[in-house]
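Naming follows writing order (A, B and C), and every chain is counted from residue 1.
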């Protein structure tokens, strides 16, 4: 069966590894007279090293090597100037490229990154603007439905993002529900799909719950006595919000921003379905470089640039919220 | 007045969140091909769905991968949680940092890095590599569901079992694992759900010959959506919903027991 | 003392954690039917010592002998000792009966015997009828009893107790102290008890081992340790005390606060610096004219049984317990009978501290 494509030596290697584990555990159990439980974490540690740490280093390895495996910075030069590789080949063939007029200005990759960051920024701002009041209203202790509603907010997030995006197609298409409705009411059809606003809508739709949940968490776990104390000390509702509730919810906001911004930058698929041809985002670019252009080295360089950007923004945000208090989605 | 406004606002957002899903489910019962016109109720697309060999195969791949991946992830994650819980503070920190890597990295990076691993080791991508990838992203979730249960238990529970004559194996099987069983089950359900739902990592770690439902939807979506996809989406949504309710119900139940 | 009476022998035990020494130079024997308490502040190594006896830690150097047999490397499940853990460590997924029966089931005893032995244990700890209850539904005191029953049902020769009463409130703790002592006497087995509470140690023990920084500072009966503490640390840790520096001009005379006092201690070098211990209840308040040591009452606090007074005399603030109240700022005299003046040699640390 073609599905079982593992080569024989791979299976033997895995079996060997497993064998070594078991022997090591038995030996250590003997040595520690059966008391030390930290050994139970060994298989996991090895698994995480092989399947998480090593692969991340591989991205760096491919990013700094060429197809032959020797060290190069060409992959990054290719990021700045997407014609770099072509020019290099032309020079190798003996052409003078200095005066050559290329159809592409060579800034495609940088443009895509800037566009992605801009889109991610807009998406994050919109999510915060829409999501914060929602989280605030739901965390009101007098609002009995709050806890139920927050579950309703989270459920769509668990739905496959392909399906969520496809669902919007049904609504936005030229012959989709909204246009049909508009037509039957006597308005003309609108061009709702295949532009960057549709992509933005798709992104906001996908990532809004990521903003609402951590903010909700950080507000609802605040001690009610804090706002009571503020009121007792003479603050009205608005002052209580601006001076107490809001500052205390900043960790939640930070986590929300991280959780919306990160996947937004790496968004792929959504632009392809809802956007037109010129709305490609950085995630799509990486995917295309790997799988369509089959260029793992340049693809790795692009991924590395993205990872560095993400790590940078996380560390920046961690400064505001050192404990990561906004909480996870679990 | 403000109360009415608040409720109206929340209703509006929920409408925004659920309208597309509702439309999709609604459409799956539409007898006609057109997405805009209602041509009567029919289960036609569901019938066609189960006749389509590609979908049947993808369904099998999805469910079997989810089952196997959550099985292995549960074993790996539970043992790891027990081990980490017994470690000293410093080592615990290192382990938690490694654990947080796959959870903070965007899916696309996880997918690509694993793809490079398989390319580098010259392992052909397919069912097996997809399974490895799924175990990789599932295990931290199991670990994080089990660890809190261990933390709320006395750190001497394991030693108490040894003290009363249990060997380490007996203590593991009869004390530690039963005591954290709720966490293990939650972790297993969670990883099963994550596996069923995953697209990005699967997409990079499999070949076009071995598709799960998500990658199949992806390749279909590029050609334009067939109504069977609506039926499939509706079914997947309902399945996930049931699984999530089970997980939530479990956590509410275990929390209220205290 | 006959060798046969020694059940547990610790020989030259030391223990390092990550190059940090937590126990050094431990030599100790524990007799059959003895109630031995390891007493000391947190971090003194008392729990580590208990865990070495239980088999949860293994000494870096030294041997553990049990009934003459070397058990240093035996895992816990092969030792004939059982432990009552801090915060009890009851199995949360098992009910009361299953918790107590745990060890018996592993030993594969017949069902009928398990039932009868668990029943007897529940009777001993006054919890008959609780068999089916979940351990989470029990109060702290009840959980405590179950933990004791779970350990005792295996009929160990030694019961180790790691601060078992620390989580209970004052009244319950008092009750359990007496009950534990009763159980130990009824069952006739050895108890090794770890606590930081000196009052608990004095109430229950046959023998107390006072520990500090991984060393045994003193070993003896409660009365011996209270009356004849070896150094200032032990004196301060057990009971309340006044400790003042003095010198020994000759045998049975000690000089402090600028005055010579008669005492009962001898065997010091001439003018050897010493610590002088006087318990607050041993100081007698007299009229200022009657005695050489005179002072002023600085504060008076009513403590129920007695008054606690602070009296400034001879450049030292004396803590004095007295059933008679003397008002603040009154001038008084202080006297102590020679028998109650306890002279202690300085420790090495204190000696080097003096030189600097």
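Methods note: a contact is a pair of C-beta atoms (placed from the backbone, for glycine too) under 8 Å apart; a residue touches a chain by one contact, two chains touch by 3 or more.
What you see is a predicted model, and the numbers here were worked out from it, not measured in a lab.
Distance from per-chain Cα centroids to the pooled protein Cα centroid is smallest for B. When you average the Cα atoms of each chain and compare centres, the chain farthest from subunit B turns out to be C. Mean C-alpha position of subunit B lies 54 Å from that of subunit C. Averaged Cα coordinates give subunit A a centre that lies 17 Å from the centre of subunit B.
Each chain gets one centre point, the mean of its Cα atoms, and the points for subunit A and subunit C are 59 Å apart.
In subunit B, the positions touching at least two other chains are 159, 162, 167. The multi-chain contact residues of subunit C, meaning those touching 2 or more other chains, are 55-56, 75-77.
Residue positions of subunit A touching 2 or more other chains, listed in rising order: 34-35. Taken together, the subunit B residues at the contact with subunit A in this complex read 6-7, 9-10, 13-14, 16-21, 23-24, 27, 34-37, 61, 76-77, 79-80, 82-87, 91, 95, 98-99, 101-109, 112-117, 119-129, 132-133, 135-136, 139, 141, 143-145, 158-159, 162, 167-168, 172, 190, 193, 197, 199-200, 204, 207, 209-210, 214, 217-218, 221-222, 225, 229-230, 233, 236-237, 240-241, 244, 248. Contact residues of subunit B toward subunit C in the complex are 153-157, 159-167, 170, 175, 178-179, 181, 257-258. Across the complex, subunit A meets subunit B through its residues 2-7, 10, 29, 34-45, 47-56, 58-59, 62, 130, 133-134, 137-138, 140, 143, 149, 151-153, 155-156, 158-164, 166-171, 173, 175-177, 179-180, 205, 208-209, 262-263, 265-266, 268-269, 272-273, 283, 286-287, 290-291, 296, 299-300, 303, 306-307, 310, 314, 328, 330. Remark: subunit C residues 54-56, 75-77, 81-83, 85-93, 102-103, 106-107, 136, 150-151, 154 touch subunit B in the complex.
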